[in-house]
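Each of the next two complexes has subunit A plus one more chain, namely subunit B in the first and subunit C in the second.
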Partner chain A sequence: MHKELSDLINRNVTGANAVAYLTADAKKFDSSITVETSHIYKVVEFLKTNKTTSFNSLHCISGVDYTDYMEVCYMLTNYDPSAVRNLTLKVRVTDRVNAAIDSVVGQFVSADFLEREVYDMFGIKFNNHPDMRRILCPDDWEGFPLRKDYVAQKDYNGMTVYPDNKMNMEDREFIVRQNMIKKAQAEKAQ
Partner chain B sequence: MQDGVVLTTLDEFLNWGRKNSLWPMTFGLACCAIEMMATGAAKYDLERFGCGAFMATPRRADLMIVAGTVTLKMATRVKVLYEQMAEPKYVISMGSCANKGGPYWQYGYHVLKGVDEVVPVDVYVPGCPPRPEALIEGVMTLQKKIANERLLRNKWVKHA
Partner chain C sequence: MQTRWDVGEPHKPTINTRTEQLKSDLLTLNMGPQHPATHGVLRIEIWTDSEIVAHAIPHIGYLHRCMEKHCENLDFRGVIPFVDRLDYLASMNMEWNYAMTIEKMLGTEVPRRAELLRILTCELQRIASHLMAFGTYAIDLGAFSPFLYAFDYREKILRLFEEVSGARLLYNYIWIGGLWNDWSPEQISRVTAFCDDMEEEAKKYHELLSMNKIFIARTAHVGVMSVQDCIDFGATGPILRGAGMKWDLRKNEPYSLYSEFDFDVPVGTGEVGEPGDCWNRYIVRMREVVESIKIIRQVIEKLEPGSIMGKVPKVMKLPEGEVYFRSECPRGELAFHLVTKQDSKEPFRLKVRSPCFTHTSMLPRVAPGQMIADFVATVGSIDIVLGEIDR
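Up next, the complex of A and B:
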């Protein structure tokens, strides 16, 4: 299904450059289609309006940080009982400092909060979004928590995030020591 | 009996009245709030201890039950709500999260490590979440604490 869909996208949306990633077991829903970052709005518009695909629901947008690039995944569903299908659509964001892609709120209103959450956690801005601000963290929060290079704040509004007297340092040292032992064992095995 | 005389100290009389009419604030943060609601409902019936009148405003409440995870975003609000309550006021910290951060104690970048960082806590109720019996015991512990108070010597009455 993904192979045909990616061919369909390539035929109808010029420059979308859709590449299907297929897993061995198609029933596991792990297959996905990666498209060009700048063409995400056009691809979503096509998949929604086209009669053969007609995906009528966007039920999740999630972000993934692979350290050298970030990915935004769109879960599209078609609730047509005669042909129920799911599609995972992925775009890659390589610029970590000024990360920005086009918003799909124009097609799916459900994308509003989902895109705000992706912005909150990964710092990816969505162009043409009606209300682009944080949704879960406070407005004066520093950094984007789900990025791999995120460092937790030491203080927030006069409150200490990790007070020394509350941290059980013995437990912490135990975990660190266990990790060191595991690492040494792994090196020895090699 | 109708013309009888009861002899007691003023402190004890006031404390007896206060400890049997603790009004908590309607204030739930996370899953502990579900147990708090169960405690207030028919089966466990917090009203038996005079503690079932959950007030919808901090200005009418004596007791704040911090039921659930206190995130850093919420901590500022918790502090404001506590300051809005009229004295004398009490705080029960319910559940592991409010006590010490709970499962978020090590990697929870967004969780306050214990509500006692922002407000003074009278009774800690352990559990994740605590059973209604545990919360009732926490309330009874607080009642014992109130019964032993010397309200008339306290600072807020002296300077009132």
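Up next, the complex of A and C:
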């Protein structure tokens, strides 16, 4: 299905450059289609409006950080009891500093909150989005938590993030004691 | 580019004469974060024109615990207690979906008894969750006694879960490959007795609340979400079914053993009000309770003694790949997007697709033009759990 679908996209959306990634074991893993980053809006528009595909709902947008590039996965589905279809559509973002791709809010309103979440967690801006703000973290939070190189800020509005004495003292003594026991055991073993 | 609102950006007002004029008469009202009708720490910024809501902006994230980041440093079994804390009113369903995601990747075969008992627990959990929705929704609308009736019966389910798993709300009971503990025949017989009682009780609820004149006046024709709106926003579960669309993953894409069971998918028909309003969303939940009882009875008929744990490696290492697995939870379709690296002991990325998150994004669509009291009814009818929205 993915192979035919990627061919269909390539034929109808010029420059989409859709590549189907097929897993060896379809029972265990999902296949996906990767398209050109700049053409995501057109591809989504095609998949929604075309009669043979007619994906009428955007189920989820998920981001993945592979350190050398980031991926945004669009989970498309169609609510049609006779022919249920699901598709994972992917785009790659290589620029980590000024990461930006086109928003698909024009096609699916569900993308509104979902794109805001991806922005909040991965720092990928969505062009043409009506309300591009952080959604889960505070507006003045620094950094993007789900990036693999994320380091939490030390200070937030005069409050210490991860203070040393956050844990209650009894637990802490327990851990200290455990560490002492481990150390003694290691010395004994030597 | 099509946008949803003509009101301009809410936080950075642009110098636009029309927007300025519109804003001059509006009063900003904060509903929450500590408001009884929001069921948690949800804050909704409402722009009101006297008693009418002009615009509603949900602000979420007060319960954000970075669960997805935590999971990247835990082994696959260690994630389960975290998954519990997503939707704390339907923990069993959350655990089950996570377990199924991992099992799909591992190719584990779950024993038949374990699979049946999972359906039993999750359907019981669905009843408990819908009872909670029923009780709190009545409180939102000013009726207190349904809450007491609902909690009485919810308590019976929680007692059973406590006996079987050791905890009342956050169970860590459904494990990868099977279950932690078996149900005894005595407990199963109590489930049967509960089903009989609950069926009678559900009829009582209809007399008590569903057909109550005041309740109908508060909920019928209020907060209408059409099927097209629901599909555009990706709404699932009782919201979509309440709008009149017959869509249930247990029927349309059967996972586990659901294809073996005989049950109906209740939809909002509009016998009171119209499809897609608060009353129809509410009645879909109440009818699902009866359907769940049907499923539980069939499960008990099919139960046979056997093993409850499949063959799972001691040290769990998954191959490289990704899976997007979804299942029908009480509040809608929950899904996990799991990405793993070769021979990894922990998830590389675990994304939770939460139904309440998308349902919250529908509030700005339905709010304009409603009375404030009706808006409270609308928020209550989509049955929000903040643990799942904020993660």
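Basically, the second predicted complex is superposed on the first by the 162 of 190 C-alpha atoms of A that agree within 3 Å, B and C clash if a C-alpha of one lies under 4 Å from a C-alpha of the other, contacts with A are read in each partner's own complex, and residues count from 1 in each chain.
Quick note on the criterion: contacts are C-beta pairs under 8 Å (C-beta built on N, C-alpha and C of every residue); 3 or more make two chains touch, one makes a residue touch a chain.
Everything numeric in this text was worked out from a predicted model, so none of it was measured.
Of the two partner chains, both subunit B and subunit C are touched by A:Pro145. Counting the residues of subunit A touched by each of subunit B and subunit C gives the higher count for C.
In the superposed pair of complexes, A:Pro163 makes contact with subunit B only, with no contact to subunit C.
In the superposition on chain A, A:Cys137 makes contact with both subunit B and subunit C. Legend: residue contacts after superposition of the two complexes on their common chain; A:Phe113 is shown touching subunit C, with no touch to subunit B. When both complexes are overlaid on chain A, the residue A:His59 reaches subunit C alone and has no touch with subunit B.
In the superposed model, A:Gln178 lies in contact with neither subunit B nor subunit C. Of the two partner chains placed around the shared chain by superposition, subunit B is the only one that A:Gln153 touches, whereas subunit C remains out of contact.
Across the superposed pair, subunit B and subunit C both touch subunit A at residues 137-138, 145, 150.
Those residues of subunit C that touch subunit A in the complex are listed here as 1-5, 9-11, 60-61, 64, 66, 68-69, 104-107, 231-234, 240, 245-247, 252-253, 319, 321-324, 326, 333, 335, 337, 339, 348-349, 351, 353, 357-358, 360-361, 365, 390-391. Considering their complex, residues 23, 27-30, 32, 56-60, 62-65, 73, 75, 79, 81, 84, 86, 88, 105-106, 108-110, 112-114, 117, 121, 128, 130-131, 133-138, 145-146, 150 of subunit A touch subunit C. Subunit B contributes residues 72-73, 75-76, 100-101, 105-106, 109-110, 112-114, 117-118 to its touches with subunit A in the complex. Listed in rising order, the residues of subunit A touching subunit B in the complex are 137-138, 145, 150, 152-153, 156-157, 159-163, 166-168, 171-172.
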